Amino acid sequence: MSANPVLSVKDLNVSFNTENGVVHAVRGINFDLHAGKTLGIVGESGSGKSVASMAIMGLHPTTADITGSIQYKGKELLGLSDKEMCEHRGKDIAMIFQDPLSSLTPVYTIGDQIGEVLKVHNKGMSKQAIKDRSVELMRLVGIPDPANRLKSFPHEFSGGMRQRVMIAMAIANDPAVLIADEPTTALDVTIQAQVLEVMEKAQEETGAGIIMITHDLGVVAGMADDIMVMYAGKPVEIARAEDIYTRPAHPYTIGLLGAVPRVDRADKVSLVPIDGTPPNLLNEVHGCSFRPRCPIAKSGGQCCKDVAEEPALRLIEGAGEGHYAAADIAEQLVDARPEDLYPVPEVPESKYDSIPREERPTVLEVKNLKKHFPLLKGALVKRRVGTVKAVNGVSFDIREGECFSIVGESGCGKTTTLLEIMEFNKETDGDILVNGSSVHDGLKGSELLKMRKNQQMVFQDPTGALDPRFTVYEVLAEPLENQGWKKKDIQKRVIELMRTVGLQPDHVNRFPNQFSGGQRQRIGIARALAVNPKLVALDEPVSALDVSVQAGVINLLEKLRADLGLSYLMVAHDLAVVRHASDRVAVMYLGRVVEIGHVDQVFDNPIHPYTRALLSAIPVPDPEVEASRERIILEGDLPTPLNAPDGCPFSTRCPIFKLLPEEKQKVCTSEHPAMSREGNLDHEYACYFPNEEVAIVSATNPEAVVGVSQDETPWGDSALAADSTVADSSAAGEGSIRA
Amino acid sequence: MFKYILKRALTYVVMIFLVTSAGYFLAVQTMNPALLEQEKIPRPTPEQIQANFASLKLDPQMSAWERYVQWLKDILFHFDWGRSPNGAYINSEFGQRVWVSTRLFAAAIILSLIIGVALGVFSAARQYKASDRIITGYSYLVYIIPAPIAYFLVQLGAVAINQAAGDRIFFVTGISSPGVEPGWPTIVDMAAHYLVPTFCITIMSWGGYQIAQRQYLLDSVNADFVRTARAKGLTRNQAITRHALRVSFIPVAQSIAFTVPAIFTGGFFAEAIFAWPGIGLWSLQAIGAQDVNAATATLAYGSVLFAVSAILADIATTIVDPRVRMN
Amino acid sequence: MTAAVPPTDNLPRESQDVPELKVDDTPDFKVINKSTIITRRFFRNKAAAFGLIVFILVGLFGLFGGLLAQWDTNTIDPFYMATGPSAAHWFGTTSAGTDLYAQAVEGVRTSMAIGLIVGGLSVIISAVYGCIMAYFGGKLDNVMLFFLETLMMAPQLLVIAIVINGAGGQKIREVLPGWVILTIVLLIFSWMYDARVIRSMAMSLIQRDYVKAARYMGVSPFKIVWRHLVPNIGSLLVLNFTRGITLAILSEVAYTFVGIGVKYPNYSLGSLIAQASSQINTLPWMFWIPMILFFLLVGPLSLMNDGLRDAFDPTSLSVGKAKKDKKEKAK
């Protein structure tokens, strides 16, 4: 490492005066950032990571109380006026924000907005020079047709493209420090992979030091050199990236790593839940901020030597170079696995596990489901100008006691499928059978109510799913009243439900806004369970929750499935969660299922090029795996399901299609491929030429094919193979089917 | 985009037609000029009245529908809006006054928009400071003062000033002084007469714009894109003036159409208070004289004003917001 | 939105293991009385509470002030013509020698009645109209929106002038007093702006997950509207109600002042102010007493607005305070 860091932060403290008192959002951060290096800052919401980055940028309101020192190349930034700070912002230190949808001004063109950052810092730069540089930047971040796109407005760009524009603006003046605050959280995985690659390219070009702020341990695994884990406004551990993942020394870090499901692992173990919620920073922290949630403290053990004092960060011996942790017994924890520290619930066993799938009754059957929206234009007389084929012929079935998941990127039709099933509308195109009764049976009145009882839903946003004006009791009583339960029975049932989902029964009189996100989701689950349904539809059930809370909810869902014999239909974009929780999975693209089967089959032996790209795009929280993996980066954005092509809808982005000879390409574009079965396994896919070469495209230069890959597993060499039986059978079936 | 405006305009034409027709029927049903005729001295015979009104196409013995068809035909084929019970032609009476009022309303709308938006921006920049509290407090106060009473008090104030000064500083009635030479002096004289009514409508109307502009600007001051602009190296003030201001003006521009009816009403009140010979005063007098055609013509005028300002609001929105241009 | 309210420390902790509770320990099921909370929160806002008290006092004056009057509105007292407030005539007399106090009582009553009727009914009309547009959408929505905009376009002032002045209207006037006709016309033109707001609000509420959840449970549409939509636009309706009252009283005064509103033999605050306007310099009490009464009527309504908004807002900071107060009292 060079001796002089580009950015040096010492004892940074940030506090805000709010109506409720002083919030100490950041309580002492120290780090040095060197040119060309990447520091990952990982933490959950409220950990102070974003507040710290805003403090470095000097973007906090003047009412914020910021102390300590922030030095850029030896020059103190703290205490500079807004005007003085403007000299550095956008020139020496630049920032990429989380939400590309709201971070660009809607009323100015992209060209104006990129040009602005050049103009501000380069007085006297000619119009032509600004334009040339803008085009160059747009090309650098991989925006096709840059000269013309400069005239576009932000709303004419997709999310991924807007984030590229943000990156272009950030690197316009070759900054020495680049801060990225959750740059890919709002994006789909395949787009995330593209953007991460663009960021790496940008770092190569500018030699900037990058601060990468994220809640996702996977995203930084492949990128960061050092990682800082934050908790309650303070770093609890700082180490080189590989040491954080292999030798974590703070109970919180260990817990976080155990709480994240892994998309590359087939073994079924429960996730590590970290009970409790982070402390409220309105109150002064006494002693270790993590103690109320610390498994060692909870089990009566001694972690902090001095209970009254907050443990300071200190160098840990024997855990890699420069490894700091704020735990007094860190040395002893270095080799501990999450399961050793945290009480992990046993993998719940369901009575259905022993019964073969074919022998279990079918709970839900979907046959050739279609949902087409007409796209209308015209004010008085509406003309149909096109059809949005949101769902275009989807079939699957769910057996008793199993979890079936649908995955895919936004706009693929997964949520529409789920909502169509929940609507249970008799005008549905195709057929939906719940417990044998079809949508077309024309159920009415009490029969329909009886059928509705069997399918319930848990929503993505736990806040929006609960009426803010209902008490928890009213929320849980609503489905029961609707089914005609008696008041006395309802009361009993509500208490029972509260216990079932792990909430205190005497909280029923509270309003939803008095609960944390995880607890609200538990209330949502309790409501779904109230009337003893057979099938529960889960729409992204954990995506709105923090990682440590997420694990608890996933475990709860698994336990309920086993105990109550429920079937789940889950929709999720987080493939790691899907892999962990489901038995079977369907991959959707533009309204169609492209691959379906047993979860281990599909994840370890993906056949469809889209599935392969999707899986390869997911970052794994393991730098070793990340380093050895080859990504299949998909070209461009997800097309809209408007007037989807007759042939294979994936052909426009397909890395196989790109290299196919013309006659084979014609096959792809002429007709939609039917489902083929892989051997006699529970594994089907819709592709004509799954075995052909795959083009590896660069995200920053889509025209160039930089390599060819035929990698069989998406997890690289160090990937853990699925359990042996699956691996064997897939090998057996391979030759015969893939012609 | 042009097509969209055109379509809106067509919808408004239909609306104007409906409003005017409904207004005609309402007027025909409720108004009976014959009753007033009977109060004349010497009192005309019913036959005389009947003959007189029939010649004016105001025949009270015809059914409402027949009169409507007759009235509509004249408008559509000759653009003739009919005659008053006293025999005057609506077209010429209207034509004499329409620009007097339209100028007054236009000046008031433009002034209150400019002042309201400017004060909104000013007070948002000084949120919770004394100047903000005074400006915003004024806007809320105006909201609970009946406009004509405020005009009346301003008129009294102006008169008091005139008396104190012993000179005519403010003109508080009418639109022109008699015997002023044509040319430049006439223009000066007219401007002086416009001053007080325009001032009155304006001070009673900008409050709405001020509150809206202040609120929308405060909403967008902390928007993500303002933060992005600051991250580029713009100072806070630069970021707000270059980025937040224009975005916050979009909903204000959209609301222009809906504030016009209030200004229209305010203008009528002002004309009544200041004895201002415009459409407002004339129509109120005409309605008092049971003049069906004058009443309907003013109704049409009011709805046309609304439609024009709604279309102007659409155009203004399109200019400031590129997202609308697409549709 | 006050989403920034940090979780208070007494938040229930998330727990994995279910606390062992015996089945028969019935928890405290006393559902917190929402109207109590709302009242409590409202009265915590001192200005709002003051406003309410003044409004009620003025209302009582309008209703029962007549009991104290020694004169009626029309009787001429020849010994007191155009005199200021005195023991015999508390508010003074007009130039004709009629008692201003008696007229003021009737004026307040009329203005308040116009305000309450127009404010109340327009809230109901706008809520029903807006919800129907939002719930059914499609063609019906388009047609209803067209009608709404057409009404908006029609100049209210002229319609009122036509109806009030129309001699033919005298037929109606034999049945209905003038102020009732004014009330009806004001009502017709009072609800469109609110209906538009309610429409867009209801549209976004229908998209909420909790409404979907209820739908998927099979809850009937009527129940959904009643249990989920109405309470959630309720706070807006209450605000519209107070604003509607203000606007109606304001319009009455304004129209009457220029001569197209309430007319003799009825009295309203507008007609009292109007009859005094030509004598403001000679008989100032005739102008200022009704003006003061007018401000005592509409001023408190604006004061109450803030308090009502807070009281009905579920995310309001006052929630926590209400809870804390309760707890402290319990201790």
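Observations, loosely collected:
In order of appearance the chains are A, B and C, and numbering begins at 1 in each one.
The rule is simple: a contact is a pair of C-beta atoms (placed from the backbone, for glycine too) under 8 Å apart; a residue touches a chain by one contact, two chains touch by 3 or more.
Chains and their UniProt names: A = ABC transporter ATP-binding protein; B = ABC transporter permease; C = Oligopeptide transport system permease protein OppC.
Computed from a predicted structure; not experimentally measured.
Of all chains, B has its CA centroid at the greatest distance from the CA centroid of subunit A.
The interface with the greater count of contacting C-beta pairs, when A-C is set against A-B, is A-C. Rounded to a whole number, the gap between the C-alpha centres of subunit B and subunit C is 27 angstrom.
Subunit A and subunit C have CA centres that are 48 Å apart.
Look at where the CA atoms of subunit A average out and do the same for subunit B: the two points lie 55 Å apart.
Shown for subunit B are the residues that touch two or more other chains, namely 11.
Considering their complex, residues 146, 149-150, 152-159, 161-163, 165-169, 193, 246, 250, 253-254, 257-260, 270, 273, 277, 280, 291, 294-295, 298-299, 302 of subunit C touch subunit B.
Those residues of subunit A that touch subunit B in the complex are listed here as 57, 59, 82-83, 86-91, 94-95, 97, 99, 102-109, 116-117, 120-121, 153, 155-156, 166, 169-170, 379. Subunit B makes touch with subunit A in their complex at residues 7, 11, 223-225, 227-236, 242-243, 246-247, 250, 320-323, 326.
Against subunit A, in their complex, subunit C makes its touches with residues 4-9, 11-19, 21, 26-32, 34, 208-210, 212-214, 216-219, 227-228, 231-232, 314-315, 317, 319. On the subunit A side of its complex with subunit C, the touching residues are 18-20, 23, 273, 275-277, 280-283, 292, 343, 345, 419, 422-423, 448-449, 452, 455-457, 459-461, 464-471, 473, 478-479, 482, 491, 495, 499-500, 502-511, 513-516, 518-519, 522, 527, 531, 549, 552, 555.
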